[in-house]
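Across the two complexes that follow, subunit A remains constant while its partner is subunit B and subsequently subunit C.
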Partner chain A sequence: MKKFINDPNDVLPEMMEGYLRAYGDIIERIEDYPSVVLKDLDPGKVGLIVGGGSGHEPIFIEYLGKGMADGASQGNICAAPSPDNILAVTKAVDRGKGVVYIYGNYSGDCMNFDMAAELADLEGIKTATVRVTDDVASAPKDRISDRRGIAGDFFVMRIAGAACYAGYDLEDVKRVADKANANTRTMGVALTPGTIPGEKPAFTLGEDEMEIGMGLHGEPGIRRDKIQPADKIVDQMMKMILEDLPFKKGDDVCLLVDGFGATTRMEMMIIIRRVSQLLDKEGITLHDVKFGNFATFQEMAGSSITLMRLDDELKKLYDSPMWSILFGQKGFSTHK
Partner chain B sequence: MKKFINDPNDVLPEMMEGYLRAYGDIIERIEDYPSVVLKDLDPGKVGLIVGGGSGHEPIFIEYLGKGMADGASQGNICAAPSPDNILAVTKAVDRGKGVVYIYGNYSGDCMNFDMAAELADLEGIKTATVRVTDDVASAPKDRISDRRGIAGDFFVMRIAGAACYAGYDLEDVKRVADKANANTRTMGVALTPGTIPGEKPAFTLGEDEMEIGMGLHGEPGIRRDKIQPADKIVDQMMKMILEDLPFKKGDDVCLLVDGFGATTRMEMMIIIRRVSQLLDKEGITLHDVKFGNFATFQEMAGSSITLMRLDDELKKLYDSPMWSILFGQKGFSTHK
Partner chain C sequence: MKTLTAAQAKSMMIFVSAAMVEAKEIMCEADRNIGDGDHGIGMAKGFGAALQELGNQDFTDVYKVFFTVGRTMIKEMGGASGIIFGTLFFAGSKNVEPATEIGIKEFTTIFEKALVEIKAKGHASVGDKTVVDGLEPMVDAMKKNAEKDISFEEILKIALDAATAGMESSKQFVAKFGRAKTLGERAIGYPDAGSVSLTLIIKAMLDWVNKQ
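Take a look at the complex of A and B:
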């Protein structure tokens, strides 16, 4: 796979240097780690740390912002951040009100964030943890706590960030983030693999194949099929999403169509169109639509559909002003 | 090439339906054409229309916003919009102060926008035209007016949009947009081709090849080489950019690193890092950095580097509040 890199061993530090060159006026690096925090933290607020392995940019580093994350604790490529890394970020963002950890539910992340929480406790910093489990394909409904976190991370992290910014206390930030997660469902389909620099493609798919439910690190999905017309694929994905929560007539939802890395806007729009038609048919109201690359696996092609059901509290938080590097911003805007 | 599409003949109308589903509260479609305008136009301002062929999303449709474009006149995939299409958009955005047309310098676009300008004149609407010619590789310096417009479109359109929003008159909007174009230079390198749905890849490149200067429709570049380390590629691109204007010690510049479609953030950051190092060495100050997909050719991999040199007027306009669909926004923010 051809890429703009120098030595494959240098991609992570060189990437971090690029981010610091682009956003060094508002973020600073945590020494020794590929982790960053906002420079200008509002006093008296609960801190929000998001994290996981690198290589899925824009997540996690670009999720920093106001009404979004205060810190991103990132490990090496596709590797969980170490407990020391997480602790260092925790100390940097704590303002005496405690810190919430939000991350996708992967065993390495769970272990290391839990260890960091213990270390933080020894230092007198209270923490709370929310594991994102939006990937419907990754485990059956009676084992939701085994599900992986994928693009739904965005909604859960956004809600938590809004709550922190609004002055919620630690317990309440955890409560609304758990609620956001409980109301968020994602289904993905992979078309072509991603390739970590210096490695082979993470998986192989035939010239005419797709894999429904494949994870963002190439984890096996639930079915490999011949590729079908977009509407047929979306119909299958939406059926699984809608039945799982279940979403019902009268619900208000936010939609996120993620591109994984190499998927065109044209394809995302064709998907958004079909999802909208299906929601109309079900009597479900589309409150907001986001699209683009939110959680990628290098140049992987494919897409995921995420729905978050809103209640009044989630809607108010979601609609509150924010900014995030993810949206190329350094100042407040409304995103609804 | 596997894609999320239905019938290749339907991709354009289905894409438009998707955009209208996602942003229908703020944009409306111009009947019969894949063109859109902002619903809420500020009275008494010069109108800004950007345009060209479809298939390069997010440009042009997502360039709509405040302090950005009022209308996007888009043709079929890789085809110029018709004069009638452009005229319809012109009538929709004119508020009695005239309309500025900004587009990349391609023969079909030039011909059709010029014809539309004549038709608009017959209807009593004054127009002015700015053709973006940022692509250093597309013609030598003594024939700048033959150069193509690529990712530099963003800077020229942003400056013009800011000027329209600030209340500049038609002549003055054209003046600053021409100035922005005259101070903008881009060099691109392609690694893999893009594929229009239903067609073959637009060009072929060997497994270990890159083409320096290749255009956004696969137009031939200036040299095909074995792929090299990122820093070496960037050094060659930057040499051509810096010498062409030329950029000099003491200059303030904005940088845009475009991803073409399938290029990872990791690669963009490695490029930003190297560009920053070279600018430091030259004594040139980086005023702002943008990165991501701004002008794509489907799932093409590669990248372009664009620099715009700022004077006080351009800096003030560039830094003024704005919002654009491109940044996922529906409300003002500062982008510096």
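Take a look at the complex of A and C:
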């Protein structure tokens, strides 16, 4: 795999050096971990920490901002951060009101964040945890708590960030983030694998094949098929998303189309066009559209479609002002 | 040898940690078959840090030795294996009364507590192709013999045989956790890398006892 790297062992420290050059006015690094916090934290608010393995950029570092996350705790590539790493970030963002942890539901992340929560408790910092479980393909609905978190992370983290900024207390931030998660569904389809620098591709897919429901790290999906026209692929993904919640006529939804790293914006527009047609047909109102690279895996190609159903509270929080590294510069509200 | 003093525990864990750093490539290879091949890197990092921590301290409490190894691994490794292998030493050595020496029974209890906590944290059972495939039969075998009048050499031999048999049995399983999960049936025929590491740890303990 051709990549802009020097030594595979230096990828993470060199990435961090780059991030700090690019955003050093906004973020600071925590110890020598690939973890960062906002320099300017508003006093008296609940802290929001997001995290997981590195290698999925822009998540998690670029999710920092006002009305978004205060800190990102990251481990090695595709490996959870250690409890001590998470604790250090926790101490940096706590303003006496407690800290919410939001991360995708993967066993390594769960174990390390749980232990960090115990350590934080010993230091007198209250924490609450929300695990994102938006990936419809990763487990049946009767085992919804086994589902993994993928691109839907964005919506849950955004809602929680907005709630922190609005001055919600710890319990209420958790409540509203849980609600966002409960109303968020994602389906992905993989076209080509991603490669961790210095390693073999994470999985193999034939030139003419796609796998519906495959996870970001190559976790098996629901089925492997011959590649089909975009509309046919989107129709299958949307059917599973709509039936799962289920989304109904009259619902207001936010849409997020993720490109996994390598999918072009041209293709994303073709997907957005089809999703909109299907939502129109169902009588579901599209409140907002986000597209681009969110939860990626290196040069992986494919796409996921995420819908979050809004109620009045979620809508108000979602529409509140924000800026983030991912969406824009400080001083501008680039949302909507 | 029927008791283990704090100084002996330190010497043993220094020996084990050094052996595990040496075994980096073996662990990577075990992981490369059905995972992403980085298991040995994390384990070598964790045990390498433990080696340094142990060298910096004098111990009068046996449990503090195991606590230091486990806590250092949890801090330095990250990922699922940091918690799991850190817990192997940490679970049975935290929140216990200090002891200048321990016997076979107490030594067995360390692993028994580790098994309970690893299963609770990881939600894995025997047959899921995880370290539990080796650890559970190992703890069962140790418990069966812990009340008998036997030596550390004997109990570690029993532990190693059971852990090795468990590791061998993991070859027939489809993985329920970790990267190997993506392979489905293709994981059959390869042992779980964590089970391999467990046998290496116990083997190194036995080697140390045999040198005494």
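Here is the rule we go by: the second predicted complex is superposed on the first by the 333 of 336 C-alpha atoms of A that agree within 3 Å, B and C clash if a C-alpha of one lies under 4 Å from a C-alpha of the other, contacts with A are read in each partner's own complex, and residues count from 1 in each chain.
The rule is simple: a residue touches a chain if its C-beta (ideal position, glycine included) is under 8 Å from a C-beta of that chain, and two chains touch if they have at least 3 such contacts.
Keep in mind that what you see is a predicted model, and the values were worked out from it rather than measured.
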More subunit A residues in contact [subunit B versus subunit C]: B
First (subunit B), second (subunit C), both or neither touched by A:208: first
Subunit B versus subunit C as contact partner of A:311, first or second or both or neither: neither
Contacts of A:14 with subunit B and subunit C, given as first, second, both or neither: first
Partner chain(s) touched by A:6 [first = subunit B, second = subunit C, both, neither]: first
Touched partner set for A:121, first subunit B, second subunit C, both or neither: neither
Subunit B versus subunit C as contact partner of A:197, first or second or both or neither: first
Touching residues on subunit C, where the partner in the complex is subunit A: 36-38, 42, 74-80, 82-84, 121-123, 177-179, 181-182, 184
Contact footprint of subunit A on subunit B as seen in their complex: 2-7, 11, 14-19, 21-23, 55, 57-58, 62, 191-192, 197, 207-208, 210, 227, 229-231, 233-234, 261-273, 276, 286, 289-293, 296, 298-299, 301, 303, 321, 323, 326-336
Residues on subunit A engaged by subunit C in the complex (per definition of touch): 53, 75-76, 78-85, 107-108, 111-112, 114-115, 196, 199, 202-203, 215, 217-220
